[in-house]
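Naming follows writing order (A, B, C, D and E), and every chain is counted from residue 1.
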Amino acid sequence: MKERTIWEQIADSFRSRSIWMLHYCTGCGAMELPPTMTARFDMERFGITPMATPRQADIMLITGYLNTKTLRRVIYTYEQMADPKYVVGFGSCTINGGIYFDSYSTINRLDYYIPVDVYIAGCMPRPEAILEAFNYLMEKIRKGEADGWKRYKENYDWYKQNQIRSLGEVYVHDEFHE
Amino acid sequence: MTSSMSNLVKILEGFNPFVEEIDEKEVKITISSDKVVAVLETLKSNGYSHLSLMTCIDWIDDNQLELVYILFSWKNGGKFLVSTRIDRNDPKFVTVKELWPVARFYEREIHEFFGVEFEGNDDMKPLFLELWDEKPPLRKDFDPRDYSRKKFPDRKYEKDVIKEAKIFRGEING
Amino acid sequence: MAMSTLLVSLVATSVVMYFISKASWKIGAILNFLIGIFLISYVFALSTGTTSELGTLFGQKLQLIWTNASYYFSLVSLLVIVSVMLFAIKWLDSQKYPAAFNMFLLMMTAGSLGVFMAADLITLYIFWEIAVLSSMLIVPMGKKESRKAAVVYAVMSASGTYMYLYGAFLAFQRYGTLNISEIAKHMVSDPSTGIKATIFLLLASAGIAKSGIFPLHTWLRIAHGNAPDAFSAVLSGQLVKLGSYVLMVSVAALPSLKIFSNIPFYSGIPATNYFLIALGATSIIIGTLMAIKQDDMKMLIAFSSVANGGYILIGIGTMDPIGFEGGVLHVFNHALAAAVIFMAFASVVYRTHTKKISELGGLIHKMPITFLAYLFAIISLAGIPPMSGFISKWMIYQALVRKGMFITAFIAFFGSIGSFLYVFRPLAGVFLGQLPKKYKDVKEVSPIMWLPMVILVTISLIIGIWPFPILKPIEGMRMDFGIAPTMKIADSSHWLIKGFAGNWNPVLVFNLFLIGFVIAYILYTLFPRPKKVDLLAPHKKEGAPINIYTGGEFIYNPDLYQYNTKFYAGFERMYEKHPSWEKLLEMLAKFFYDLGEWVHGWFFRPSPSAYTFWVTLTILIVFWVRW
Amino acid sequence: MISLLIAIPLLLAFISIIWRSLSKPLFFLASFTNIVILITSWFPNGVEIHAMGNWKPPFGINLVFDNASFYAALVVNAFFLLTSLLPGLVGNYGIPLMLLMAAANGFVLTGDLFNSFVFMEIITITAVTIASKKENFYNAFKYLILGGIAGSIYLLATIFAYASTGSLNMAHVSMAGISSSSLVAITTLYAIGLGVEAKLFPLNGWVSGVYGGNDLAPVILGTSVSFAALYMVGRLFGTVFHGNGAEVLYTLALITIVIGEVAALRQRNLLKTFAYSSVAQAGVVVAMLSKGTGTAMGLAYFHLTNDAVAKFVIFLVAGFLVYNYKNLNGVFKKHKVLGASFSIASFSLVGFPLFAGFQSKLRIIMEAFSMKDYLFPSVMLLATLIEVGYVVRWNVKLWFEEETQEKAETPVIASTLALILALVLITVFIKPDIFLGGAMKMGNALADTKDYIQGVLSVVKGGM
Amino acid sequence: MVAAYKALFNLVLGFFLVLSLEGVGRKITARVQRRIGPPWYQNFIDVFKALSKHPFSNGWVFDFGVLMALGGAMATAMIVPMGSTTWTPFPNSDNFFVIMYLFAVGALGMAMGMVGSGNPWASIGVSRALTQMLGYELPYLIVISSTIFYYKTASIHKLVELQKNGWNLLVMPLGGIIAFISLMGMLGKKPFDISTAPAEIASGPMTELSGKYLGLLHIMHVFAMFVEVSLFVDVFLGGGNLGWYLVKFIVVWVLAVLISSVLPRFRIEQMLKFYWGVPLGLAFLNALFVLLGWTL
């Protein structure tokens, strides 16, 4: 890993204290977020705030299984996020497909298509686990280890090839948006 | 079977149906495929105007596909399941989109997942699956696990007892 | 050249211009432009107080006089007209009747100059009608609806004009003169308030009709909206200002404060003036509300002209030194802004052949210069510094607050904030956003077309920073009309504009804005460079989706991703079912039609026996009445 | 000499009955000679009497030739001359036109009430004949009925006048004065009787049908004949009755103005629109005539002259268009000269500056104001407002709408004539004296009762 | 030169003051909702983080709009007097209307840039923001007009001087309350945050903003809030020396935050109807009282 300049170190420490997240709520994991955000666990005290659009967000939460159809959208959305960007995989579905491991339409591992910085195991993970993961992510960002966005750039061809392998094409036409 | 439904079943007797009572308000009528449209029309004109669902079942052992139309009446809450079987090797049937415009989408779906052709319905573009390149996925002879293995590589999982134990104890972060 | 010679030869030249343009309209247009340049230099060279005589008409001398007001209004008019003449050199190739356009444009110029030069009411009327007639013949050169527009325009304009004529002759009958300054003297000493007020209102009604003030405002929408595109710039930027001039004549040149000092209404303002102010305020409300909901961009700005006419009238009507200057300066600002806006729209229509906001979008990628011209013009129109539009609005507010006219002030504020809304609608709908697929090959207009816009915008910007040159003739006018002659508003030695409640320094404000912009730019460059998002990607490559936030959907058709239909839906809903003055006037027109039908049916169509009946009846009635 | 004005057309009319093919050139000859005769005796500036059969006035029939009748005859004959230049328009109607010319001249020149009735009847009958061109029989019939009624009322009035004063000579009637009791009846009946030809409301029901029915009738009836009729209004009410009964005329005129314009506004037929417009203009003229002063009457005739010139152009062009095109949209794109003339004439009608109508309208308003009449100008301006509406509408329609049809052949003479007259209208704006001088002389002559009476009753000159 | 330093001080103070207060505001809202909330300096972190990211730019008008917005807001912030004549950078140009309209440059720049991003959500947000302006500005301007009429000056520092003997809020309490309600709208606080409703229209105008654009626009927003609250403090609370001014500033801010943290959001028509109902009526009543001389 390259040495970070002092500016990058400062920037990274700022980034670690201000995490704006875009939650891509595909599965049951979305249900765990409200308790994490509200009074009981209060995510905001770590500077974590939900954001409405990928342009503004720093991290993307993939809360559950992804099928081919949603994966396309995830990739598209991920590419719309501004660097540096981080991905958090929620639950076993993003790790190995979970209970959908043999489905004809559900992918098995997310990091094969986009770089994932932190996985949260469990089906589903409790808010404590989520906060733990965020702490870990913050640590990683501070140390400059959360370099998924760099890896994605460096190994873009590999990721692209994987995406093509599973999806055919990333961009598709959809009669309801024509 | 409520009285109104049994009256209706009597009307339908001319079509030579096999009637099966599932519930008090739910009747299944199995019928040969050439009489389906006539039965559906009769039912529709007798108040069963809502096509709740249209679906398909793959009877691979009989080498048949079963098409099921579920009709619902808003007047008395009764439900008719009109069922028919068609040949699995040459799955063709007529469209009912003239009776229920919404059937267009059910038929597209069935075409996509079972490969049934509906004569008269030209719009057979894929509805759910994007860029699908295999045989229809809900046919019994389609092996999703195989497909998944081919398309979606899985994580190699090596058992490391010590690491697991450490994670369990909270010494390291998995 | 004497002024009278100039005017007569201009009218004559315009006819010659037709035949020249018939040979080659391009030469005609260039000649027109050169004549315009000559006129500007002529206007600069004339010294105030020059008089000239045009001849006599039924024993009355037709006199011309060059005053500060003539200078100011002529300059504003010529700026607009000459720009349009330059614009037309290229633009005319999209038109069906270029020769007639050249002719009538020149004739209209002559008419307008004559109006500003006129020293008596009848000369004013003659040139007024020349201007109206020639402009009325340009209006129907547009698309299909423009034919009806011409009729509506002619009738509305005529209704004002004939009231004016009545007033003029009433004044003549009472005071024995048509000369404006002499009438002013007579009116001050005339004891009969009723007749004075009648004359005043009748004279003002021409201005009301022409500048689109409330009861007679409806022609602006249809005429400005449907006239040939470049001519709308003249209509809104220049012709409407004839109305403002007449209003100024009837309010200020006939010193209404002195004339009607016996009927004060509120805060020293006579009831007559206050009546006009109320009309102006109504126009602001109507203009603003209607402009906000227009989908046709030209009609939108037409309604904005109604509102701005209201501002001018309010400013002049207060007869407060600051308000008067504000109102008069607003003439300049609105003229320039409206001209640029209409020229920008003309450029858009020239390229895209539509004026519906909902069919356009994203033209900034194709027509950046037009966009910038429009942007600066709307900044001026909405009255935001550093453009000149702010100065006049500031002055008008000062006057209104000083006089304690809170309701009028409220309406003025409403119009001002509403103007943000309506000027933004074309900006967002036409120039910004997604470019529809059918316009992917649209190009920027030629320099001949954007140059006049850029020049006018630059003038407006310069005046916004350094307004003193234009304030000088306005102060001169104020001295001429004797409105607080001792007060000094523009203090060019200290770079200040002084209001009753505080001053401000336009140069400083502009510099502050510049400094703010520079700081922002420095901040901008300090941080990482952006990646460019190509908004035109779907146009350039088949199968490239729009790369903006779409909620994760792949959208390839930019037409669907353009928000410009019912831009202010939330607000428009609130007054969907508004009463329409236009409909009322249409009802009136319909009434006359039906009356005609009725008359025709009763008196003209029946059989001869019915005629006999009518004859007998008439004889009987006449005998009955006479005996 | 002056009696030739009546005799020549009458004579030539009878000749052309024999040689029918000669009717067109003879018509031209008649009108041309008349104009030459009139030019040779340019503005008599006094009263010349031509007593028929040397009966000295107040006895017998006499022709009165003064400034008023001269100017009226000039205008009347000028339009006949202009019409005669258009052989296509005249067609087979040379004989009635000549008779009409004779009658109109007689109507203008006569100094005898009963004689004027006779001429009026001839006018009506010939006019009806002309009106029936293009098989416009029903409307001609309407005109005939109304003309007949008008004639009988006129005759009744004449009988009353004779009964009251014992004379039929206008000057004598004027001098003798009519007792106030019969005055009301006489003036009223005259007003009504003349009202038909002068197109006063409600006696103008025939106008739209007759003017709108063919191309010849409006051109000649709307100009010459209405001028003659309105001359007689001025003569009777200005000179003979000293302004008595003017209020009837005034009231009817104001109503006529409004009704005419309102009816014109709704018209979809080009000829009929301007037929109603001429109704309204006649109203303006009559209202002005009812003022009774020399200036007012002079201005009225000035206005009438302008109107007649403009109307001649308009009806000429409109007649050509209506009978050559089904759909009038944008026809002027093909006939630019006709279009320009039409536009100029119609704008002159409205009274836009640069055209003659402006001069007369403004003067009329000014005169009305100076007489402290505030109602008439406002009615007139309201009417003008409506007029603006339809004039602009027609101009826009004819110039700018999308054209659909094949081009018809341009009538060369008509175009030239229309253009010249249009230019005349512009010239009159610059130099109003062209028409104004004569009109003012006419007005003064009509107003100057004393001169007229003295002139007729004392001087006898010429004879047949 | 002194004026330039004062103007610079305005900028610096405005930046740090409002950014910290925003953090405090978040803390207060969190406490109201029984959360702990982020630290008071959270917004500094947010802004600098945003600035440090690698953004996307949607064309030149997007960049230009952001710069124009920030430039306009800064220019306005430089003119605004902070509580007393001493802290008035440009005593000759601190006219109320000048400030108000210079402020609009920023608003227009933001609106233009954001719509220039090509995103319909941004357009909807801008349309709402402009409509909203029609709501809250009118009562505010009427109240300010009556104030100007009462004190016969529109110059802010003179207004402050004239309030030495008693705050304007006490002279015309009705006006003060109305102005405060309008201020809530101007600040875009909770019942009136229609234009940026993140749950409905994806944070409205800011939809396409990333990285430094978001940061710069946040800074613009900071200056805008500085101007708005400063104007209220100067015009209604009599300014005072710098310390007092800061105290008043903070009190006004905290009050606004407290109110906003317990309220849901209006719909756009509801908001217009709200502002054009009671507040506008009371503003006119206030103006009438001023005209009649019925002030406290």
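Here is the rule we use: a residue touches a chain if its C-beta (ideal position, glycine included) is under 8 Å from a C-beta of that chain, and two chains touch if they have at least 3 such contacts.
Predicted model, so just to flag it, every value in this text is computed and none were measured.
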Path length in the contact graph (chain B to chain C, fewest steps): 2
Chains in contact with chain D and also with chain E, listed by label, are C
Excluding chain C, joined-chain groups are A, B, E | D
Measuring between mean CA coordinates, which chain is farthest from chain C? B
Suppose chain centres are the mean of their C-alpha atoms. Which chain sits farthest from chain E? D
Applying the contact rule given earlier, which two chains have the most C-beta pairs between them? C-E
What whole-number Å value describes the gap between the mean CA coordinates of chain B and chain D? 93
Distance between the CA centroids of chain A and chain B (whole Å) is 35
Approximate Å spacing (C-alpha centroids) for the pair chain B, chain E: 59
Expected list for chain A, residues touching two or more other chains, is 53, 55, 72, 80, 172, 174
The positions of chain E in contact with two or more other chains are 52-56, 121, 202, 207-208, 211
Enumerate the residues of chain B that touch no fewer than two other chains. none
Taking the top-of-page definition of touch, could you list the pairs of chains it picks out? A-B, A-C, A-E, C-D, C-E
Can you list the chain C residues touching chain E in their complex? 362, 364-365, 371, 375, 379, 382-385, 390, 393-394, 397-398, 400-402, 404, 406-407, 409-410, 413-414, 417-418, 420-421, 424, 427-428, 432-434, 494, 496, 499-505, 508-509, 512-521, 523-524, 526-533, 535, 546, 548-549, 551, 561-564, 567-571, 573-574
Residues of chain C defined as touching chain D within the complex: 11, 57-58, 122, 125-127, 129-130, 133, 136-137, 140-141, 144, 146-147, 150-151, 154-155, 158-159, 162-163, 165-166, 169-170, 172-173, 592-593, 595-597, 599-600, 603-608, 610-612, 614-615, 617-619, 622-623, 626-627
How about chain D: which of its residues touch chain C in the complex? 141-142, 145-146, 149-150, 153, 184-185, 188-189, 191-192, 195, 201-209, 248, 252, 259, 262-267, 347, 352-354, 358-359, 362-363, 365-366, 369-370, 372, 374, 377-378, 381-382, 384-386, 388-389, 392-393, 395-397, 399-402
Residues of chain E touching chain C in the complex: 7, 11, 51-59, 61, 63, 66-68, 70-75, 78-79, 90, 92-98, 101-102, 104-105, 107-108, 111-112, 115-121, 123-124, 126-128, 130-131, 133-134, 137-138, 141-142, 145-146, 148-149, 152-155, 158, 202, 207-208, 211-213, 215-216, 219, 267-269, 272-273, 284, 287-288, 291
Any idea which chain A residues touch chain B in the complex? 68-69, 72, 95-97, 101-109, 112, 121, 136, 162, 165-169, 172, 174-175
